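Worksheet for the structure shown next.
Going in written order, the chains are labelled A, B and C, and every chain counts its residues from 1.
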Amino acid sequence: MAAHYSSPEITFHPEHTGTTKRIWRTFWVLSVLTILELAIGLLIYNIHKGENPNHTLVLGFKGMVCILTLAKAYYIVSVFMHLGDEVRNLIMTIVVPLCLFIWFIAAFLWDGNSWKTLRNRYNGTTPIEKVVPAAKEKGAKD
Amino acid sequence: MSTAAVQQGTKWWSGGRSPFNASYGKVMMWYFLMSDAFTFGAFLISYGTIRFSVNNWADPNHVFNSFPFAGHMNLPLAFVSLMTFILIASSVTMVLAVHEGHNMNRKGVEKYMILTIIGGLAFLSCQAWEWTHLLTGEHIALLSDGTLSVLPTTVKANPWGTALPHEAIAAALQTTPHDQLASIAATLQHGGEVHNVAAMSNADLIKFIESSDIHASNTGPIAFGGYFFGITGFHGFHVFSGVVINIVMLTKTRLGHFDERGHYEMIEKAGLYWHFVDLVWVFVFLCFYLI
Amino acid sequence: MSNTVALHEADVHGVHEVHHEHHHHETFISKYVFSQDHKMIARQFLITGMIWAIIGGFFSVLFRLQLGYPNSTFPWLEDILGHWAKGGKINPEFYYALVTMHGTILVFFVLTAGLSGTFANFLIPLQIGARDMASPMLNMLSYWFFFLASVIMFSSLFVQTGPASGGWTIYPPLSALGDASTGSKIGMDLWLVSMAMFIVSSLLGGLNYISTILNMRTKGMSMTRMPLTIWALFFTAVLGVLSFPVLLSGAILLLFDRNLGTSFFLSDIVVNGKILPNEGGSAILFQHLFWFLGHPEVYIILLPAMGMSSEILSVNSRKPIFGYMAMVGSLFAIAILAFLVWAHHMFVTGLNPFLGAFFVLLTLLIAVPSAIKVFNWLTTLWRANIRFTPAMLFAIGFVSLFISGGLTGIFLGNSALDIHLHDTYFVVAHFHIVMGVASFFGMFAGVYHWFPKMFGRFLNNTLAYIHFWVTIVGAYLIFWPMHYEGLAGMPRRYYDYSLWESFKMFGGLNEFISFVAMIVFATQLLFVFNFFYSIFKGRKVTSLNPWGANTLEWTTPLRPGHGNWPGEIPEVHRGAYDYGKDGREFIPQTEPVGENESHH
């Protein structure tokens, strides 16, 4: 295989001989973030159990969980996958295409929400005979 | 870092070298993972879109509230936190294996690879338990023909709709046929005296069912099961293939292939894949269990 | 300043002598079948693609027969199609299968695998100065996964219930329910499995193309010195790597819906007045997933043609390409925008109009980089000393078709106009001209231009000129009238228009289109004949650089072996477009910059 290349791809060997301290610190960071997520998850559970749950509050907490998740993803990619130690060029070619997810997520969820609106507005306006395969479900279980 | 000095003035893009200071194999692995991120992204975004398009969705705190050997205790999020910690721990052992590889320490690599494989297998076992629990678990739900029935969580049935008020349960029991009543009663007599439910009359069954504090709900969107099993299954498949790759890498390490080669880059590439699996779980955990 | 370079025996056979470490016992199998040489893999892709093109093209002739002559019967049809054409008339189910397979074959198997599979494999290592792809092994697997996908798709033509017939876009619920039509049975499963294999192939190929272009460039081949072909193939690979996985997700979910009873894309389905148990999914979700791939796919098809045409236009104009950086920038802009506009295929699905407005805006933005490219091509041709080689004619034809087809895209990108034009022949005309025929022209240009490098012989010029003129005139005669039919509301995918009072008036026009289509198809067979004849009997190439081009592939021996250059890989000192500079016709990339050389 070596005959295939006119020159080596790797210009210098980065020093990875540091201690494992950084790895363990990241482990604790990830654990704390996960515990925080779980705490918020349980908080949401308790809000839901109460009478008249405050939906704005729940939404806010869910947003917080999302941010914590992104923080976790950052630590995994940057430290565990060593992307933070790579040269800037590589980091950019990975991170920039992932920005496509922004519109990917936004447009899909937006349209999903719009189907809900349409369904709620027009459901029940077309009369159809209701036949439900309840027996089939039971049969499948047996 | 000392690398900064080397980077200064290096003409990265002028050809004859990798602009990333990385071998093609590592570059390929990164772009493969990016591509796979779009596969998973498409799954999760589809799931999100469907969730946005319906009025109710199964509440994860109700669906995932059990723990092995804990009986019917209500332990929301407990089991999935265990799974998450297993995966994070196996990620740490993986990165330690990569670290030992950089130090050309074969024994260290072997030790941490074994730990990583154990972590992966533990995660898969947990997932197997959770799937079994959902597929065989029985929950009382109101079918759309107005009768009550016990339903598992499958790709064709979802018993996790909105909760039914007591009056509705009582009314529905009246129209429920005998065999469905019997199976409901059978799920209720855990630990207590055993009745021969099949022999009981409808009225007795209804009385028995109403005497125990039963929870029933409407059926939820069937799409829930498909997305849950589909996405966690696809992730589980990745974990499984990651375990297989790690076993291959462990074997190659033991045979001394990497010492011969002079570097442990294969371990690094396997590590990238393994961390990616962990990364995906972080998002699966978010989408299915937390929000 | 002469184009011919004196040939030494060593130039022709040098590779075999110097690179004996590369060919350990070359058997027929290792040289022609399981070859890891990128040039052989390219030829495998090209020939497989051509076979598919003949099949897909023949299907279009068959259904054009039905559309052009709806009241006639052709007894020979029953001979070749059996029960699909009882009494010499194609039956409606089979008509849909033909249309579906025509689209699938030409979009995926010919214009994706056949086009970028061929030219990315062939040109990337040669033009950036590499011995082979980054991973020759994965490259070989890429072809064999494509071959596997081909075999599965081909076998679906012969199953009892026929191949998939839900359109190449396989929208559920038609594709999700086996009972929906005969083509939705096993044929549809085979389609999906074949496509999954195809996606694996395109992923293996794409990853290789990207990492080769980034990591394997020879000394001095900076990104801004790369030929535009390489830039285009690079963005094509990026598009494929990021968008095909989304179709994979959709295909997997659809397979589950078909075989495991899930409800990803199904909800509130009523069959014969009865509701199916599936609930909660959405058929439109599949369209989103499909078009998230589907739109980038259009550019996966188009970008290689753009890149090759840019190169060929510049070489044969003997002028530098106008605005190299603008060309690269516009390729980049098109690649980004390709990911942001998918829902413009879905304006009439009940898409939220406000959301639709964003998609209209993003869609119309594509006109900007497209116009930059068109003007740069035209200014490259402006006052040039043009050599009308067959490749050049096809490249110019590409520009013409890209303009004609691109302009109608602006009509269709407007959500309000699209309500009228959606699913009419206007759409058929638009995408056939802009991505079908135009990309074919790019592909033909590439084949005519690089055939000497691929096979060491020239294609026959007379046949090539006949091929070009019949094809360009024929393409316009076929697709131009379809715009009028579409504007008049004639819907696509109908089996027989003579049943509608409002479309009866197009009977004569449809017959005319079908007639021309047959002539054009026959001309393509002429090309196929020319291709295979010339491989063995064509005029031999006698100079290393027959077109007088600057790029690196012409510095290799006439028939380069595995490893491409017998000695060291040449170093690059300049961009690929130094034509007509300082009174010299062309300056190869390997020539160091002279002291008194002017700056362009």
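One rule holds for everything that comes next: a contact is a pair of C-beta atoms (placed from the backbone, for glycine too) under 8 Å apart; a residue touches a chain by one contact, two chains touch by 3 or more.
Only a predicted model underlies this, so the values are computations on that prediction, with no experimental measurement involved.
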| item | value |
| --- | --- |
| Category of the chain touch graph - line, ring, star, complete, other | complete |
| Highest-count interface - the chain pair sharing the most C-beta contacts | A-B |
| For subunit A paired with subunit B, centre-to-centre distance based on mean C-alpha positions, whole Å | 13 |
| Centre-to-centre distance between subunit C and subunit B (centres being mean Cα positions), rounded to whole Å | 40 |
| Distance from subunit C to subunit A - Cα centre to Cα centre, in angstrom | 35 |
| Per-residue multi-chain contacts in subunit A, two or more chains | 6-7, 9, 93, 97, 104, 108, 111-112, 115, 130, 132, 137 |
| Where subunit C touches two or more other chains, by residue | 129, 214-216, 218-219, 242, 277, 282, 285, 288, 292 |
| Touching two or more other chains - residues of subunit B | 13, 16, 18-20, 22-24, 27, 34, 41, 46, 49-50, 53-54, 156 |
| Subunit A partner contacts - residues on subunit C that touch it in the complex | 21-22, 129-132, 214-216, 218-219, 238, 242, 270, 273-275, 277, 282, 284-285, 288, 292, 339-340, 343, 350-352, 355, 358-359, 563, 568-569 |
| Residues on subunit A engaged by subunit B in the complex (per definition of touch) | 6-12, 14-17, 20, 23-24, 26-27, 30-31, 34, 37-38, 40-42, 44-45, 48, 62, 65-66, 69, 72-73, 76-77, 79-82, 85-87, 89-90, 93-94, 97-98, 101, 104-105, 108-109, 111-113, 115-116, 119-120, 130, 132, 134, 137-138, 140-141 |
| Subunit B-facing residues of subunit C, complex | 128-129, 134-135, 138, 203, 206-208, 210-212, 214-223, 225, 241-246, 248-250, 252-253, 256-257, 260-264, 267, 277-282, 285, 288-289, 292, 572 |
| Residues of subunit A touching subunit C in the complex | 3-7, 9, 93, 97, 100, 103-104, 107-108, 110-112, 114-115, 118, 128-133, 136-137 |
| In the complex with subunit A, residue positions of subunit B that touch it | 1-3, 6-7, 10, 12-13, 16-24, 27, 30, 34, 37, 41, 45-46, 48-55, 59, 61, 76-77, 81, 84-85, 88-89, 91-92, 94-96, 98-99, 102-103, 143-145, 147, 149-152, 154, 156-157, 179-180, 268, 271-272, 275-276, 278-279, 282-283, 285-286, 289-291 |
